[in-house]
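Which chain is which? They are A, B, C and D, in the order written, and residues in each are numbered from 1.
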Amino acid sequence: MDFIEVRKGAFSVAEEFAALRRENRGDGACVMFVGSVRDFNAGAAVRGLKLEHYPGMTEKSLQDITADARAHWPLGRVRLLHRVGPLALQDDIVFVGVTSPHRQAAFAACQYIMDRLKTEAPFWKQESSETGDRWVAAREIDKREMEKWG
Amino acid sequence: MDFIEVRKGAFSVAEEFAALRRENRGDGACVMFVGSVRDFNAGAAVRGLKLEHYPGMTEKSLQDITADARAHWPLGRVRLLHRVGPLALQDDIVFVGVTSPHRQAAFAACQYIMDRLKTEAPFWKQESSETGDRWVAAREIDKREMEKWG
Amino acid sequence: MAVSGGIGAPEVSGMIKILFFASLREQLGTAEYKLENYSGSVSELRTYLGEQFPDWQAPLQAADLQAAVNREMALASTRIADGDEVAFFPPVTGG
Amino acid sequence: MAVSGGIGAPEVSGMIKILFFASLREQLGTAEYKLENYSGSVSELRTYLGEQFPDWQAPLQAADLQAAVNREMALASTRIADGDEVAFFPPVTGG
């Protein structure tokens, strides 16, 4: 029921949505999040990104997060894809899609998965900008967002 | 910046996502909701739906809801499509997609738009089931969900 | 059944146009009714229509019935003027 | 730079495998280090590695450095045993 993938290549939102809905008669609600490369971060014009991960641990972390979401809300399907390697401006980085019989559960679970992914899944971003390459610093706001989940 | 449409025909999530992201360099977050016809509601096996609306007022209501969402959160693009007329099992009914520089704003705005749409946009569902046609009753839960937005 | 609610602008003549939707439309057996030289509130209009058409009385007194005037949600006390478009309908169930 | 963190299972020999990621990997100039017959906690290992390689001392003492043991997040007090895979890395920044 869960599809979790760390991959180099681009993903297709159309294919992911189709996989979430195909022969899924019980779930009336589908919430999807897509995160992509913004062109400005902390003032320097970003040209692209490189994403590093911890093979093995990253996948395990994403599986644990998804399992915890299922323990909190009645979910049908969950699909979580995260790209690694070099990414260009406007490339999509992450897709999280969940289905549920209940709209509120689908919204809450999708947001919960993203909040935890941002604070604990082992991914590291390196930005290329006009002023050179730099590792992105963790943002305090993501940690604060986690606090609401207790 | 807002695209709002009440339509008879099906919509394409792939095309909506493309329209939200195309040449959208500033928004790193995109949240989408898709609501579809479930096969069970209140016990009777549903065969299909018919959706009625109030032409003119429905569109105005959706525009007002979207404008209020923009007043609350920094949003880039908003696309809101709702089908009317006869719908089959598993057909998609409604699409709400929003982009923002901020993940939390995108989630909150998408959920806010759906919560208000469910409680105040003039649409009425009629279900066809084995036991005949019946107008769907408003669910108390949708009103309770609105209370959290004050 | 008469004409269903049209897309055009509210009428500005010396009459009010009253629209009914969904289960209420089916219960009343009509989608639209026009009234000349009417003056009063939304709740007074509900009562007035029930007096004119006894079969409409029960459906129009349903506790959860909602009303709009000129495509904005209206209160029981909202005043109705010539040229207004008034609509009555059950609680919405879209999405 | 040595081998980067591999996909295989943690090693079960009489040694521990230590992995470094992202900016820490660049600061140390290596992605992996192996240690035989080590026994102690995560925080003791940080101190030990800094003593062995003076250039590593500052990067390994960064206040926000995180650690995992066998691919689970670890505390400073988490014990390390033979065959464990230990990883040190800066705060995560995915999504």
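List of remarks:
Operating definition for what follows: a residue touches a chain if its C-beta (ideal position, glycine included) is under 8 Å from a C-beta of that chain, and two chains touch if they have at least 3 such contacts.
The structure presented is a predicted model; accordingly, all values stated were derived computationally and were not measured.
Note on connectivity: the fewest chain-to-chain touch steps from chain B to chain C number 1.
In whole angstrom, the spacing between the mean C-alpha positions of chain A and chain B is 23.
Between chain C and chain D the centroid-to-centroid distance comes to 73 Å (mean Cα coordinates, whole Å).
Inter-chain centre distance (chain A to chain C, centres taken as mean C-alpha positions): 48 Å. Multi-chain contact residues of chain D (touching two or more other chains) are listed as 95. Counting only residues that touch two or more partner chains, chain A has 35, 103, 114, 118.
Counting only pairs that meet the touch rule, the chains in contact are A-B, A-D, B-C. Across the complex, chain A is touched by residues 12-14, 17, 21, 24-40, 89-90, 92, 101, 103-104, 106-107, 110-111, 114, 118, 145 of chain B. Residue ranges on chain C touching chain B, taken from their complex, read 5-8, 19, 21-23, 64, 68, 71-73, 87, 89-95. Note for the complex: chain A touches chain D at residues 35, 51-57, 60, 82, 93-94, 114, 117-126, 135-139.
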